[in-house]
Structures are given as C-alpha cells and as structure tokens.
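My questions will all concern the structure given below.
Chain lettering (A, B and C) follows the sequence in which the chains are written, and residue indices restart at 1 in each chain.
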Amino acid sequence: MNNWKSIRILLVSALILTVLAACGSKKEETSAGSSASPSPSSSASEESGAAASGSPAKVPDPIELLNVSYDPTRELYEEFNKSFAEYWKQQTGGTITVKQSHGGSGKQSRAVIDGLQADVVTLALAYDIDAIAGKGLLKPDWQQSFESNSTPYTSTIVFLVRKGNPKGIKDWNDLIKDGVQVITPNPKTSGGARWNYLAAWGYAAQQNGNDEAKIKEFMTKLFKNVPVLDSGARDATNTFVQRKIGDVLLAWENEAYLALKEFGDEYEIVTPSLSVLAEPPVAVVDKVVDKRGTREAAEAYLKYLYTEQGQEIAAKNFYRPRLQAVADKYKDQFPQLKLLTIDQDFGGWQEAQKKHFADGGLFDQIYTPGS
Amino acid sequence: MAQTTKTKRLLPGFRLTMGFSILYLSLIVLIPLAALAAKSASLPAGMWWETVTAPRILASYKLSLMTSFFAAAANLFIGLLLAWVLVRYRFPGRRIIDGLIDLPFALPTAVAGIALTTIYAPNGWIGRLLAPLGVKIAYSPLGITLALVFIGLPFVVRTVQPVLQDLEADMEEAAVMLGAYRRKIFFRVILPELVPAMLTGFALAFARGIGEYGSVVFISGNMPMKTEIAPLLIITKLEQYEYGQAAAIAVVLLLISFLLLLVINLLQRRAGRRLHAA
Amino acid sequence: MAATIDQTLPENKPMRTPRHLTESGAVRALLIGVALLLVGAIILLPLATVITQAFSKGWDAYAAALRDPDALAALRLTLITAAIAVPLNTLFGLAAAWAITKFKFRGKQLLVTLIDLPFAVSPVISGLIYVLLFGAQGLLGPWLQEHNVSIIFATPGIVLATMFVTFPFVARELLPLMEEQGVQDEEAAVTLGARGFRVFFKVTLPNVKWGLLYGMILCNARAMGEFGAVSVVSGHIRGETNTLPLHIEILYNEYKFSAAFAVASLLMLLAVVTLIVKSVVESRIHRN
C-alpha cells in the first residue's frame, strides 16, 4: 500500500511551502525593521503611520522618497537620484534614497489617485497631474509651484528615420505620402502619442489656415499610413527598431536620441519645421508629503532639477534644459525650431483632451466609419 | 430527490467543505467582482448602454469572441492529440514534452507576446518566410488567434490527461472481445468518456482567450475597428479616467464569459450524466 | 538516462496496455510525429526565441542580469507570492471538489461556473477589481488609509491578485477527475466504519493525487508568471513591488532585451524545477 507514502509526501511538501512562506514574510519584517537596508513598503507605511498619529509630522531619517514617473525618464532619474543623494548629504548631512516607479503616464497617475504613496510625481503631461489634483491630493494651481510651469526640462516631437532617410522625409507633409509607413502609439493609451498627434495637427493647421475640414483630411491621411498602433511609446519604438516596421517613428526627442544611442548607426533624426513644445511637469503630492513629513525633502528634490547640475543631467539624457547656460552648452544637440505650446495653441490640456482624445472626439472620428 | 440526497449525504464533510468553499469564493472572487458591478452601476443607464454598444466596442467584442473561439477549437484537437500521445504512448522525450505543455502558463504573458511577435513579425523567423506569400500573421486577427492558441493550449491537455490516465481498460477490453475495431472503440468507447473533460478544456481556453491582454497587445497591432481587442478598450477607458465606463465594458465581457462557461458546464454535465446512465 | 526515468514512471494501467488495445505502429508513429510537430511549432519556437535572445549577449551578460539586486528582489517577491497563493488555493480546490463531486445540491453548475470565472476574467479586470475595492477612491480605501494598512501597491495586493488569477486551477483539475471516480469508494469506506478525514486521506486523496499535483503545478506556474493583474496593483516601485514578470517588462522597456529574456528564462527554469520535483515525487511513490 503506497497510499500513506504519497500522502505523507504531499503533506510534507505543503508544509515546506507554508514554512517557506512564513520565512519569506518574516524576512521581510526583519529587513523592514533594520533601518540600514532600503526597506520595503511595510516600513514606509509604518513610518507614515507614526508620522500621522503624532500631529506634527516628524521627519524620518533616513528619508525615503517615492518618485512616480513615466516610462522614458528611467535613465534620467537613475542618474539624477544619485546626484541628489550626494547633494542632500552635503547640504543636510542626512541620507536620502529615492525610489523610482515607471510606467505609462496615465497608469501612473491612476496609481497615485488610487493610493500609491508618491511624494513627487513627474509625468508626461499636465493633464495627468490635473487628474490627481482633481481628487484633492494636491492643490489645483500646482503648476504655479515651481518655475517655468513646473516643467524643469522640455522636449519636442521629432522623426526617427532609417539610415540615409530612404523615403526622403523632411517634414510633416512627407508623412501623408503614399507608401510611407508611420509608427506612432495610440493617443488614447499613450501620453507621448498625444503630443505626436497635436504636433501633426498644429502643422496641418498652419498649412491650411486653420480650416478644420482640411486639417481633418490631413490627419486621416496620416493615420491611414500608420500600420500598427502600439499602446505605449516604448512599444512603438520597439516596433520600429526591433520589428523593422515603418519608415518613420514619431517620438519624443529624448526617446529618439536614446534610440540612436542604443541602436547606433541604423537611424537618424529628422527635425521637422514645426513641432510642439512637450512639457512634462513635476509636482509634490501635498497629501502624501504632509502625511509622511517629507515635504522639505520632496521640494528640495524637485528644486534640484532646476539647478545647474540637475539641468546638466537632464540635457545629458536628451531633455531640453530650461537654464540658458546649460542650453547654450548643448545647443548643437537641440536644433531650433518653431514650437507650439499646449496652452497658447490648443487652449490647454483640458480642452485639447475633450476636443481630440475623448470618446467620439476628433481622433475617434478618424477611425470610425461614417462620421 | 430527497432520497438521493440522503444516500449521498452518507459521506461526511459537506458543511465544512461547502462552507469553506463559499467563504473563500466570496472573499477572493465574488466580493471584488461585486465592486466592479457597483462601479459600473454608477453610470446612468442610457450612458451605460451607449458605452457598451459603441461601434468600436462592438467590433472589439466580435474580434475577441471570434479569435478566442477559433483558438479554443484548434486547441480542442491539438490538446486531445497531445494528451492521447502523452498518456498512451512511450517515446523518447515524452517526459520533456509533458513538462513543456505547462510553459505557456509559466511564461509571463507579455514575454509570450514579445516572443511570438519576434517570430511572426514580417522580419521574424517565420514571418519572413510567409511575408512573400502575402500571409500576414502578426498585426492581424490571425496573429491574435495564434497567441491565444499558445495561451490556451495547456487547458485542454491538462483536463483530458488525468481522465485518460484513469480510464479503465475493461471497457476497451470488452469491446475488443465483442469484435469492435480500434477506430470504433475510440469513437464509441473512449471519446464519450473524454467529452466532459474536453468540453471543460474548450470552455476554459475560450474564456481565457476573451480576456487575454498581455500576450495579445504586442501581436495585434491595435488598429481600431480591426485588431483592437476588448480588454484594450478597457485600458483605453481607464486612460481617460472613465472608471465607470471601463467597469461597464468589463461587466459585459464578464457576463459573456460567464454565460459561456455556464452553458458549457451544463452541456458537460449532461454529457457526463448520459455516460453514466448508459 | 531517459530510460531509467521511464522505468520509474508511474506504472498505470494504460501503460501496460496489451497489444490488442493499442493502435498499429504506423498510426502511433504518425500521431506522435504530428504531436511533436505541434509542440515544436506552438511551444518550442517561442521558447527557443526566449533562450536565444537571453544568451545573445553571452554568459556574462546573462549572469549579470540575474544578479541584479532588482532582479533578486523581484524573484523573492514572486516566490513569496506563490508560496502564499498556491497552498491556499490548493486547500480551496480540495474542499470545493469534495463538496461538489461527492454531494448533490441545487445550483451546483452555478457554483462550478463561478469557480471557473477567474479564468474568464481579463487580467486587466482582475487587477482593477482590487483597485476598486481597496484603492484610495475605492470602497474600503479611505478606511484602510486611515488605519495605515496598505493592500494595493504593496505585497498583500499582489498576493490577492495572484490568488484571484490562479483561483480555479486546483479545483478545475480535481473536478472532472473526482466526478469520474464517483462516490462508491468513499461510501464503501464509510460503510466499513471509516470517518471524515480518514476517508479523505485514505481513499480520496490517493485516487486524485496526480490530478492534485498537476493542479498545484499549474497554479504555481501561473502564480509566478502572472503579469496583467499584478501590473495593475503593483505600483511598479523598483526593488520593492516588482515581481519577475514586471521586472521583465521594465528591462524590455529599457531596451535591455537580452536581460529581459534572461530573466524570462529564469521563470522558465522555475517551471522546469517544479516539473523535476514532480517527477521525483512520482518515481519515489512508485518505487515503494
């Protein structure tokens, strides 16, 4: 009778699993208790718990900040966080670690709304931070808190084409020619893609004297040339560089440069005559920092983005710096072009979103037959 | 009825196991799903209906249902064949193949999607061979179906396999003595025993396909009205902070899958009962 | 090697199939051939892709990708998650299968269907429901925040989402099997005076052990590989709330393709390890 054997083995394996689970969670507790190691979330919540129970929020030391950001800023903030930690040590003698979280801008914004304890948010568009402000996590006029619209660095939309530019793509009107394949992510799921769309719209508006019927015709032709609508900006880049689909990729300037850096000589960047000033803003999440007692550090963190060191790091990671001195130093990297702004040319994000990207909006009309 | 209940209750533990099952089911599945229904109910009725019947949404239901159905149907045959070969025959590498069947579960769906796109994109290993023939796999409904075949394969194999393993040889033996041919034995004796398990596997693969997201978004191309799957539209709604509308689409998807599963479970039940009555 | 393993295989009845109960050699060869071809096309090809990509930058890059602290943290979180989700779902699977297959009651099909439901729920939704429930804007969120309990964007949320996704596996494996076996054995045991757990352990469990093991292995594999649902509730904090599949996505999005596939191959390896454990257990049992 081998029944007992098998039962025993099953039981033992179940037991081992349970013990493993217990060990795992115990380990977590101990590492959370020791303050030396970068501690997991439980410690953060404990600290915030301690902070919340006593009414004056005590500054925890070492300080831990969580920066919730969007996809293309990983490299930027990895470098910036190290630099800021050194700066903080010099200034205050304290230790600070900044944890990073990256994902699609909209998804990250929703996570913060749903309770992700972000001290600062650095997202792709003001619209996504507005959404957080809409839930009362930060003040409605958050964009006035820091200089230059709370946007320490900017970018724009450029074209990435294959080496030698075989299709001779120079400007936006080349994109609607027959036989040109354009890669861009879906504006409904990707913040970056909304900038792409608006840049194209702005060009068409300028060419057609704001005749909306003609602009729509231009946009329809443009999206007819799009064979794949990826859900995120990095997915689109991968479609272009890995799958070798398409003749031109519409991308953030910093993404295009990064692709050049990663994939070398196979591509080149074409800067169109006109584009849009992409402003990825930053903000301190008031509710979270007040609860955790990290306001001072969080504000210092974002302010450091505006210093020469911060601007230098941004420029090195292919974001256009705001500081003139750094901008001059990198002026070869960032050619001058006419840039539209979301506030002046599109009436701000709320309006642009409603007109173009909401359900039944202009973008949907391009794809829905009969409208 | 009363009598059968009584005889069945000869066995102990009904209350304990039933109670635990219902409790666990409620905590993990039902209550969270109720939160979803509650969220979708926050939409006004007219808006609700408008959301779930918009042309793009309808197109995506159709796409999701069609591709999942064909993928599950393909898996029905592939799965039966694999389960049969793995249980009945001995050949070198059998054990390895047996182990590999589970890998579509273990591989994160996003990795599966990326790997499949790598293979079937126009510059991929297989896509390259098919592109000159004008066959487009990646970024077409065919690619979606293929991803779903990959995702759903283990369902049929793993539901049929244990039943096949436990199948008594007596009946086959008897049939042989009665002079039946092998093919006849398979269709008359073995297959009916397997039908309930096969149906279950089919239903699971089908239902899984309808909801699948990670592996499909990479290979589908996401063209509105053409290759945009329903789960992607949920994401799209979320991106616009339309939680209510997202929940509405989710509820419709959920209802479709639920009805599907219920019908197939009833069918399976009937098949099983006929079998045991005979 | 293969031969020794084969000798220790479970010698189930069908394996000693007499000649007259099996197909002709040609048919067998054909079926095996087609099966191998299908496995090759559907499963091996994607796996080969993963492996070739993983090693495309050589061994050193491969090892470096696995030694990365973020990767190790992700591995730990993944193991913890599976170690909690699998035993709980196994317990549920056994209880549910017992209640459903050994007794008659109204609404049985409904219950079975509800158990299947998580398979049919899009991973996107299965993450979303926990956000709706535990998120700051959700039903229980404000209360949880007041009491400083974090569920989503922390380990508990990840475990919950994983449990939801892998919920049906064990039950699903056991149901057809126990259905097929009926209640005669158990009833006989009860008639002979055996009670409760003794019937279960002595009669039922040995009958379903393979199904149970399959179910647990599937449950475990899926628990480790789940991407969509976990992605919604994780918060993506590096080195903290990223599981292995999420870590893979991050690497892929950083254009570290070979590293991404290296970590993916690690997940495959975990699956293989569970399969080896299964083989060992099988052979041990049958040697006795």
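Convention: a contact is a pair of C-beta atoms (placed from the backbone, for glycine too) under 8 Å apart; a residue touches a chain by one contact, two chains touch by 3 or more.
All values derive from a computational prediction rather than experimental measurement.
J.: Quick check of your reading of the touch definition: is the inter-chain graph here a line, ring, star, complete or other?
T.: Its topology is that of a complete graph.
J.: If you count the C-beta pairs in contact for each pair of chains, which pair comes out on top?
T.: After tallying contacts for each pair, the winner is B-C.
J.: Please report how many Å separate the Cα centroid of chain B from that of chain C, as a whole number.
T.: Centre separation, chain B to chain C: 15 Å.
J.: Counting only Cα atoms for the centres, state how far chain A is from chain C in Å.
T.: Roughly 34 Å, centre to centre.
J.: Suppose each chain is reduced to the average of its Cα coordinates; what separation in Å results between chain A and chain B?
T.: Their C-alpha centroids are separated by 35 Å.
J.: Would you please write down the residue numbers of chain C that are in contact with two or more other chains?
T.: 137-138, 252
J.: What are the residue numbers in chain B that touch two or more other chains?
T.: 118, 235, 238, in rising order.
J.: Out of chain A, which residues touch more than one other chain, so two or more?
T.: 242, in rising order.
J.: Which part of chain A faces chain B closely enough to touch in the complex?
T.: For this pair, the touching residues of chain A are 104, 106-107, 110, 131, 186, 188-189, 227-231, 235, 242-245, 353, 357-359, 364, 367-369.
J.: Write out the stretch or stretches of chain C touching chain B in their complex.
T.: 2, 5-6, 9, 12-15, 17, 20-24, 28, 31-32, 34-36, 38-39, 42-47, 49-50, 53, 88, 91-92, 94-96, 98-100, 102-105, 109-125, 128-130, 132-133, 137-139, 160, 163-164, 167, 172-173, 175-177, 179-183, 186-187, 190-191, 195-196, 199-200, 210-211, 214, 217-218, 221-222, 224-228, 244-245, 248-249, 252, 260-261, 264, 267-268, 270-272, 275, 279
J.: Residue numbers of chain A touching chain C in their complex, please.
T.: 2-3, 5-7, 9-10, 13-14, 17-18, 20-21, 24-25, 27-28, 38, 40-42, 45-46, 48-49, 52, 66, 68, 71, 74-75, 99-103, 108, 111, 113-117, 135, 232, 234, 238, 242, 258-259, 262-263
J.: Which of the residues in chain B end up touching chain A in this complex?
T.: 54-56, 117-118, 121-124, 138-139, 217-218, 221-225, 232, 235-236, 238-242, 245
J.: Hey, which residues of chain C end up touching chain A in the complex?
T.: Chain C residues touching chain A: 76, 79-80, 83-84, 86-87, 90, 131, 134-138, 141, 145, 148-150, 152-155, 201-202, 205-206, 209, 212-213, 235-241, 250, 252-255, 257, 277, 281, 284-286, 288.
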